[in-house]
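First chain A sits with chain B, and in the next complex the same chain sits with chain C.
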Partner chain A sequence: MSSKSYKSLSDDIWKNRVDKINSEVFTLTYGSIVAQLCRDFTYAEVNTQLEKMGYNIGLRLVEEFFAKTGLGRCTSFKDTSEVISKIGFKMFLNITPTVTNWSGDGKQFSLILDDNPLTDFVELPEDNNAANELWYSNVLCGVLRGCLEMVQLDCDVYFVSDVLRGDPITEMRLKLNKFLKDEVPAGEE
Partner chain B sequence: MSNQLHQTVVETDVDNDFEKQINVSCLEYLLMELGPLALRITDKLEKYSSSSTRESNGSGNGNDNKQVDDFHYGGVELFQNESLVSNEINNQMLDNFGFQIGKILIEQLIFLKNDGISTKMDEILDIMKIIARDVWKMIYQKQIDNLRTNHRGTFVLIDNSHRLISSMYGPDKHRISGLYLNFSCGVIKGVLNQSAFKANVEADLKSDGSVHYTIVVI
Partner chain C sequence: MSSKIYFVSLISKDNRPLYIQHFFPYESLDNSIDRQIDEETGVESENPVDKKKSVSEDDETSTVQDYLAKQEGIENDLSLLDGKSSSNELLKYNFLSHMALDIFESPFYDSEENTNKNLLFIQDGIAVYGYATSTGFKVVLGSSAKENISDVLYPLFRQIHRTYIKLISNPFYQQYQLEDKTGNKNGGLDEGGIDNLKFSESIKRIVTDWNSS
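Entry: the complex of A and B
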């Protein structure tokens, strides 16, 4: 499928097949979760917890993704990147990050998030540690990792920069490690 | 409870003020993950404290205390750990998540809708109506189905199908749903606290699947 038809597919899904709410409750809820975590843990541990949370979400979210899109296998990792940005992000968060910075071997790319509903009205704590150590939206990394694992792609997903930290752009990096083999669940051979 | 007042909660529209929209599933996934998150945090915090005691005892090899981190994420193994699910810290934490969110939401509601909804907050009944109508709709996309009061400081909110719990099945339903009920109770307490009321809130999952919140104002 061309990237143009991805766009029209996702516009259609967003318009007709998604129940929508205002993002504020979501943003505020996520914010208070992060705030609570920051009280209990170091920023490094907060990042881990957010990622785990996202991973769990990703494992389940992928079902809704397939149910609503009816898409089959991607033909290439390039194809995957387009689907993530134009359909995945669009149908859940109503944003379309830019896919860019491909590595030479075609196994790594970046997503630039111009708009991130998670970080509306958010300011990091004033201490320098937060700006250096906390990846506020790290849940997204987990979600992507979980989703990709469900389609047999073992990937590393991490933030490279975040406007919340004072960086000029918010950039997520995706790195394909390997294709996982289809595994038959135990006892179902 | 004699002298009951039956009220059907009136439909109001709290949407459309905030132009950014997202898929409702995002919020639902996030709220569902609060349970496992709280379990993991509790487990971690317990381990911090128990590992320090174990070190001082000099007998810590860690095998006796199976690490939650070894479990497969996304599975339900986390919920099988009974002592963890019924742990007081854990329930307190979910209550607190709800409390914080309730506090923020009521502020937001008043700020955003100051012409839309009644912001008369001096009567506790008004606040209960706001919880039943607007707060519930923000979090669960549905309103509380029934609000009762004895007019002496006790309120009962009845939710015929709790958005997060109604889709759960199986023998563990009662145990696990407790996690999410703690959260809901926290939300109510948070809203009341922000409105300068203190209350005991208890939730009870009935056999027909409805949830009764009993609120006793102190």
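Entry: the complex of A and C
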């Protein structure tokens, strides 16, 4: 499928086939989750917890994704990146991050998010090094890792920079480690 | 119509001051009041820094010393202070805000958001307008307008309110002191004021834009 048809598919899905939630409810809910985690854990642990939460979301979200889009397997990792940015993010967050910074072997790329609905109105606390340690939207990394694992792609997903921390852009990096072979469960034939 | 806003103050629902900012050097027409205040500041400014900075719950009876001590802190931050402004003006605006609080609580104040009923009183040539929400958040503005400009001010009140909403929507901003895990009481209000630089800049920008139009 071409890039243009991805866009029209995702616009169509967003307009017609997706239930919407008020953005402030969503933002404030996620914000209160992060704020509460920050009260209970150190910032490094918060990042881990957010990633774990995202992972569990991603495992389930990917089924929803395939149900709504009806897409088949991607032909290449490049194709995967297009689907993630143009359809996946569009469907669930109504944003379209840009795919850039491909590595030479085609196994790593970056997603640049120019606006992030999770971080509306958010300012990181100025004390305690939040700006150096906390990745506020780390749940997104977990979601992507979970979704990709369900399609047999073992990836590392991590933030490289974040506007909340004072960086100029918000950038996530995806690195493909390996393809997961379908393992036959023990005891079956 | 060239009415200017002299000051903005924001007050929380239990009548604690959140933020006060002044904008325009007030040309005093009534010298007698200023002289009186001069005497007070002359006397009290001997030792302002030692006084406790926190403002008590019952604001109606807090002392002049508290105001001055607070002004010391606020004055260091205000970038709009030029040589003409003085702690007298801040004191005056503080008094006016406190007078406004009494009116908010009086039975004559209609707390529906009528656009033409915001004028609270006029004192010393400053017309004081107030805006209160049902959560108890109050905005007090003092302006130089000679006639009632309540409806013109209404969008300004709304903008200030929206800026405040953006501030409190931050999940890390704690409006009421909560204990964090080390038992310290931390948060946005430890001395009864909003510290946030971005918020301060937005309010300044909103009012200076309004003043210059």
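Everything below uses one rule, namely that the second predicted complex is superposed on the first by the 182 of 189 C-alpha atoms of A that agree within 3 Å, B and C clash if a C-alpha of one lies under 4 Å from a C-alpha of the other, contacts with A are read in each partner's own complex, and residues count from 1 in each chain.
The rule is simple: a residue touches a chain if its C-beta (ideal position, glycine included) is under 8 Å from a C-beta of that chain, and two chains touch if they have at least 3 such contacts.
Predicted model only: the values in this text are computed from it and were never measured.
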* So if we stack both complexes on chain A, do chain B and chain C clash, or do they fit? -> fit
* Using C-alpha centres in the superposed arrangement, which angle lies between chain B and chain C as seen from chain A, in steps of 10 degrees? -> 60
* Using the touch definition from the top, say if A:E64 reaches chain B (first), chain C (second), both or neither. => first
* Asked: Does the superposition put A:S8 against chain B (first), chain C (second), both, or neither?
  -> neither
* In the overlay, answer first, second, both or neither for which of chain B and chain C A:D19 touches. => first
* Asked: Touch check for A:V34: first (chain B), second (chain C), both, or neither?
  -> second
* To do: State whether A:D120 touches chain B only (first), chain C only (second), both chains, or neither.
  => both
* Between chain B (first) and chain C (second), which does A:T98 come into contact with in this model arrangement: first, second, both, or neither? -> neither
* Compare chain B and chain C by how many residues of chain A each one touches, and report the one with more. => B
* Minimum C-alpha separation between chain B and chain C after superposing on chain A, in Å -> 6
* Structure fact -> In chain A, both chain B and chain C touch residues 24, 28, 31-32, 35, 40, 120
* So in the complex, which bits of chain A are touching chain C? -> 24, 27-28, 31-32, 34-35, 38-40, 120-125, 127, 130
* Structure fact -> The residues of chain C that touch chain A in their complex are 166-167, 169-173, 180-181, 186, 196, 198
* Asked: How about chain A: which of its residues touch chain B in the complex?
  -> 18-26, 28-33, 35-37, 40-41, 45, 49, 52-53, 55-57, 59-61, 64, 91-94, 117, 120, 146
* Once bound in the complex, which stretches of chain B touch chain A? -> 15-18, 20-27, 29-31, 33-34, 36-37, 40-41, 44-45, 73-74, 93, 96-97, 100-101, 104-105, 108, 112, 138-139, 141
